[in-house]
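The two complexes that follow have chain A in common; it is paired with chain B in the first and with chain C in the second.
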Partner chain A sequence: MTKAERRELQERQRAAKATGKTAAPPPPVNAKPGASRPSQPPTPASPAPKRGSQARGTAPAGATTGKGAKDAKSVAEDAVVRSRGLRIFSHFALQRTVAHAKGDVHPAIVHLGLMFAEFKVSGANARCIATLSVFKQVIQDYTTPTHNTLTRHLNTHLSVQISHLVSARPMAVTMGSAIRQLKLEISGSDIDLPEQDAKDALCHKIDNYIRDRIIIADQVIQETATKKIHDGDVILTYARSSVVENVLLEAWEEGTRFSVYVVDSRPMLEGKRLLSVLVAASIPCTYLLLPALGSVITEISTVFVGAHSIHSNGAVYSRAGTALVAMMAKQHSVPVVVCCETYKFSEGVQLDSFTKNELAPNGDLFSSFPLTRPRGSLTLQNQTNLEILNPLYDLTPPSSITAVVTEVGVIPPDSISSIPLALGRQV
Partner chain B sequence: MAPESHSSGSQRAVETLAAKLRRRQVLGSRETALETVLVLRQVVSKARFTNIHQLVEIIRGVGRKLVEAQPKEHTVGNTVRKLLHHVREEYNNASKGTAASAANVFSISKFVLQGQPRKQVTAQKAESALVLREDDPDDPDSFARTLKPVLMEAIQVILDELETVYENISKSAKDHIHSDEIILTIGKSHTVETFLKSAAHYHNFTVIVAESGPSYGGHDMAQSLSSAGVSTFLVPDSSIYALMSRVNKVIIGAHAVLANGGMYAITGSLLAATAARAHSTPVVVCAGQFKLTPLWNLYHEYGALDFADPSSVLGFEEGDLVDKVDVVNPFYDYVRPDLVDVYITNDGDHPPPSIYRIIKESYDDEDNEL
Partner chain C sequence: MDFEESSSTKLASREFLAVVLAGFGNELLPLTSDHGDEPCPKALLPIANRPMIDYPLTWLEQSGITEVLLICPTAHRSRISHHIHSDTSSSSYPSLHVDVQTYDETQNLTVGTCTVLKHFSHRIQQDFVLLPCDFIPPAGLTLTSLLNKYRIESHLDGAIVTACWYQAQRPEKGAVPEDWGSAPTAIPIVWDRQSGTLLHVDTLDDLDRNGEELELRMSLLSRYARTSLSSRYQDSHVYVCKKSVLDVLHRKAEFDSFREEFVPWLCKLHYQRTKQQKYSKTLQPSQANVSQVLALRHSTLYSGLTYGGHHPPDDSTDSPTHKPMPLSGPPSPIGHIDDGIPAVSLRVGLIVHEGGFAGRANNLPTLLELNRHFLSLTTYALPTDPENRSLINVKSQISNDSMVGTSTKVGERTTIKRSVIGKHCVIGRSVRIVGCILLDHCVVGDGAKLDGSILGKNTKVGAKAELVRCLTQAGYEVDAAGSFKHEKLEISDWTAGRDEDAGNEESDSGGDDETDEEE
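Presenting the complex of A and B:
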């Protein structure tokens, strides 16, 4: 049997398998069958042996038995490998379809959910502020049912809203810690307070949280970080972080003269937006895609990046590509400074980018390709044997981070674990 | 007879190729090498010379012209060097074969004098029937007439090598990849593509293709691999680090392999190789021998100072940004020898530190500068 014949045979079997699949009920692992990869759901155990026998049956009589057996084996292996490839990435499955509002979901939450799902609101800070502001509205529109108290019932009401938001896009760590704080406030609020007063008090608490933990924190970080930028520096930043953007703008306003390299990459290409902001402030900018990083890294004096969250071992969970930038910078002895508010600290430890991640939607959602090639040739779709993965985050190990700028000061990544305690977190 | 008239046809061929190179109409190192050989064949077949020096000078002249047209396409120079090496070898075969073959005794002094481990076989196989008469005043063409057939054979050998280079590299593919591995590659390389496809006949493995912006050659690569039945994942360059912890091997192609064991490769290769090093993942480079370049002290920064079109990074649809921003879009990365574990060539596998030896064997020192 020639290679071509063998290949043809495999293709035929694959086709047979695919048709068998569509008839079969959707596998339990992938909750949304129509989601992103209809062609290859995780293989149930049954087809492999069946296909093995099929292969032996269809093998031409002239073929030696050894070849035939090998062929059958390889086909069976094929199925195993494919399903394994899926299994590796299956847990950060993409939740595309925004679930229909289940239960008593506030219209503002539905709206926000759509914004999240379409990445109209993205970025840890922006999502957290948006969520809290909408929650204020939800709380104001809330009336305690009879035979219940606000302290007890509001939390369950909020949980419904939260699960709707999570169905739109996995929750950001920032949202998590803000919501935890809010729930704590709700259950701690005075049971005898008139309802309107209690709601006002909660809204006030939310405003305070946004002000203290995000806005003021950012201002302090900006003040600290701008001191690290000097005249003649060449600053490199990756993607777009609201904090880094403000740091650069403020340093420029203060009269420091430096230039900025904006590194960017698919799938989001957020750096372009940062670039337009910086250019509008007439900061001299250079724009490059991530692969070209190796060529420019030698000219950089400091790397500034933002973070989605930071783990207690000092690992920074941030936009995919940050780890590459930090790694290259570290190799060339360029300091890597992470700007991160303390409310982004997350208590767990994550060892690699696999345990938790999120996928960006397929296709050219962000209109990110320059129009030098026909778009059709660049936006591939999933097909047999081909899957498109766009992880949104990666984990930068603490070893490639020089310092973390927080509102409580500049600290080395190893000391992250002491900060929540120092801030007075109740154990 | 006018001394230059003979070359008008081949002259035109040289000019055409030089123009094509200058305009980057010939892309891909093997394509360039093939075109160069074809032009050289034309040149040699039309050339008139009465001694070896004239012949060498003619070939060199053509080589210089082509290399100047596109100095970053190293395979052009390599092909010319290879041909010169073959020319000298054939000449030595023919001329020294008639002379006594007592030179085959190994002595350390000769080794030192020679300065390079040139293959010692020259004298033995020369049962040559050729009788070379250089600078024969009676019959000036006799030298060329006797040498040309062997030269044509030599050129054919180079041509054959180029035509089978992918197959020969892929021969060992099944030994380098085993079942259930996860391979990461970046961009599109014909060599790697053939290599992976040939390994796919024996094993089932998964390939993760990084798309390598701004050319996004990875899309074509992923398309081609998946249609050949290889389980393929296409990922953006940004997730190389994130995925590296699950990758068993990084297999990439090269643009040119340098004498120090480093290489030029498509931009992004440096990132992939460094990330692989950070995770102790082996880096395998597939490259034909025609990519071996006897240079090393080149412009390493800025990816060999060769830039592609910036509009593919920041398109003109970005209106007001375009004229205020510098855009960097290099073609190649320089990957240091310590980041590469092995070079798989059509002549076996070699670790980076032994590249210089192969280069010494396949080219003559005096041709390093054409």
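Presenting the complex of A and C:
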């Protein structure tokens, strides 16, 4: 028996035992072997996607009963397989925003959720700042219910808002760090303060967080990174990072003369927007799509990329395609510099981009196709024999990264886990 | 008892206020004429046996709006209020909080919608949705999608209104007799497909001034190089507006009709610079979206240019509305975000809905079409409860595409085809009803023939009478063996006719106003 077949048998036996224990309805037991058998032939030699599709993740079907989690997941999986859903990445199929917000959601949060879902606000820094700004509004509009205190109740109130935001788009690591810090501040606030003072103090702390961990951090990173750019350099960057953009503009303003290669990819085509900004500042640029990278990599002196988040093992989780850029650059001995603030640090260890990822919605959200082509001819929607798959993120292994520039210094990727120490355990 | 009435529960519902306008329905006379002393409000005229106002109100309920301000003429207040607040299962709106307000107007002297809005503007404290009582939304369009478009655009871009136009159905020729009125004329509009912006609506004044040509400003065309022009669509009169639009309305005293005059004028604000400079302060009283400026600066898909791309070069350096926001330069700490506020566009967003059947039931041809459309959606089944079942005679033939209300008695050998019969009607024996709409409480005598007619409430049709394509006012009595073709029958004619020979009666088709008369 091959490894896959053996795993199938094990899964079947485990499922049978689990159904006997939790008295789940019979269909999962019958359907599971049936579903796993068709999924077996197409992926006999690639255990990785199989592992990914059976990993924990949000079940698209919704409610699970906790103990029967594995069974429920298999039911959900069956439903997806039977409905000809995606074979991989089905565990983070897009959830649609609910028509009504569940619970008592502030209208500004509803607006923000819409902006997230429609990708009007995108990018780790942008989303975090937008979330925190809206939370300031929510806190100001909040009134403590009677028989309760702000320190205890505000957290539950915010959790309702957060779950609405998460239903629009999965939470970013930056948002998570910020929200964790905010909840810490709320539970630590003085119980005797009058309500308005407590609220003002919280808003002030939010402002400070944005200023210290994002704005000033960006400025420090700029100063550090501009030292790495010299006259005559050829810089390569991928898609669009707010930090890298600022670095390039600042370096140009200081008088360093360099040129930039902007690498871009579908469906978001964020590089185009970066290109318009750089060209407006008179920086000589070249624009290319990702497949053309191999032709120009020999001319590049440094690669600057941004990050969505950075993990304890030094892996960088960033826009899909960054890994390719980094690995190719490493192959040609081009230094890869990741510009990243410390609040993007995530305590977990990430080994691949299957367990945690996000799919871009189908349809013409990004208006990336030219207007001159008739709309119907462009493949934007799923068809009966075609599923469109656009993961948004990928993972760059630490071996491909030369250095990470943060506001606490330039760190080699292996020492990323020392960041909390450097910050005095503030993360 | 511990009432957990925290004001935060009202947060979400405070976002929008729905303003529903119920008018007189002058185009639907004589159906909306008084029934004796009692008025027949247009809002309560049934379409497929549901009062007209049910449709927009259920549409509102589905979108999650809870506050509704319903404005109706004083004479209609008691009936409409009774209908909405009564607890019958067919017309209860558990989550809507409807506030019925009246406006003094008489049927002869109707007031424009702008005046009504100005009168009630003190009650409108937030962004509002303006709806007519007679809009039947298409099946595929939800109010939520309209609201979402407004929410995104007003925050991102400074849009002030979002409108909705639907594809109009052209009724076939001959389906409706000419003197019942014609379907509303097609109004050409110009809009930008990519951003969904309404650019130009032809007004009646424009038509009067130049009936053969469409005049467009060059500033419109230079901002939007690719636009679409069509006259296939009808205005649904559903507008999601910012609160500051009311302030602008107060400044423009000369506008009477919201749809016909104010909205076309608002469309021009976007590209006419003088108007924009005059009204931008009113329309953007506070920089409400300042908090998102910093976030948008960091956003990867935001390029700082407004829709329409090209900005004409502007020499006034201190008007923030014209500078495209640059993203260059280090972001300043959040204390100093005065520079680089994104340009506000003051545009009117537009959703053009294709497909589905929709209509504004404010004229007779559309009313007929809507009824026919709903008939085509349902199939008739005999009522299941024995009481109603016993009222319908076994020997009567009711076709599949008809609708019969509850407690309606149908005699034997009666045929009913393609018709909507209201509640509590009494249909005699051997009656032929084809393609008609009978409102509630009608009485049709034996042997009568009704073809393509609309009978108002409480109409009595005598035995062996024949009505072909007639309209009757509520409470009209057709004499036995009377025969009418293509006429609008009103009670004033009937009492006039009573004095003459009881045989054939002549009646004017809607010439005089109806008068209150007692029997």
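In this section, the second predicted complex is superposed on the first by the 327 of 427 C-alpha atoms of A that agree within 3 Å, B and C clash if a C-alpha of one lies under 4 Å from a C-alpha of the other, contacts with A are read in each partner's own complex, and residues count from 1 in each chain.
By definition in this document, a contact is a pair of C-beta atoms (placed from the backbone, for glycine too) under 8 Å apart; a residue touches a chain by one contact, two chains touch by 3 or more.
Here the structure is a predicted model, which means the values were calculated and not measured.
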| item | value |
| --- | --- |
| Touched partner set for A:Glu250, first chain B, second chain C, both or neither | second |
| Which of chain B and chain C A:Tyr393 touches, first, second, both or neither | first |
| Contacts of A:Ser276 with chain B and chain C, given as first, second, both or neither | both |
| Doubly contacted residues of chain A, that is, touched by chain B and again by chain C | 276, 371 |
| Residue ranges of chain C in contact with chain A within the complex | 2, 4, 6-9, 11-12, 14-15, 62-64, 142, 144, 148, 151-152, 155-156, 194, 226, 291-292, 294-303, 326-334 |
| Residue ranges of chain A touching chain B (in the complex, touch as defined) | 3, 6-7, 10-11, 14, 74, 77-78, 80-82, 84-85, 88-89, 265-267, 272, 275-276, 279, 284-296, 298, 319-321, 323-324, 327-328, 331, 352-354, 357, 369-373, 377-378, 380, 383-391, 393-395 |
| For the chain A and chain C complex, residues of the former touching the latter | 99-101, 104-107, 110-111, 114-115, 118-123, 125-127, 129-130, 133-134, 136-137, 141-143, 145-147, 157, 207, 210-211, 215-216, 218-219, 222, 239-242, 245-246, 249-250, 253, 268, 270, 273, 276-277, 280-281, 366-367, 371 |
| Of chain B, residues touching chain A in the complex | 179-180, 182, 186, 201, 204-206, 211-214, 216, 219, 222-223, 225-243, 245-246, 266-268, 270-271, 274-275, 278, 301-303, 309, 311-315, 317-318, 320-321, 324-330, 333-334 |
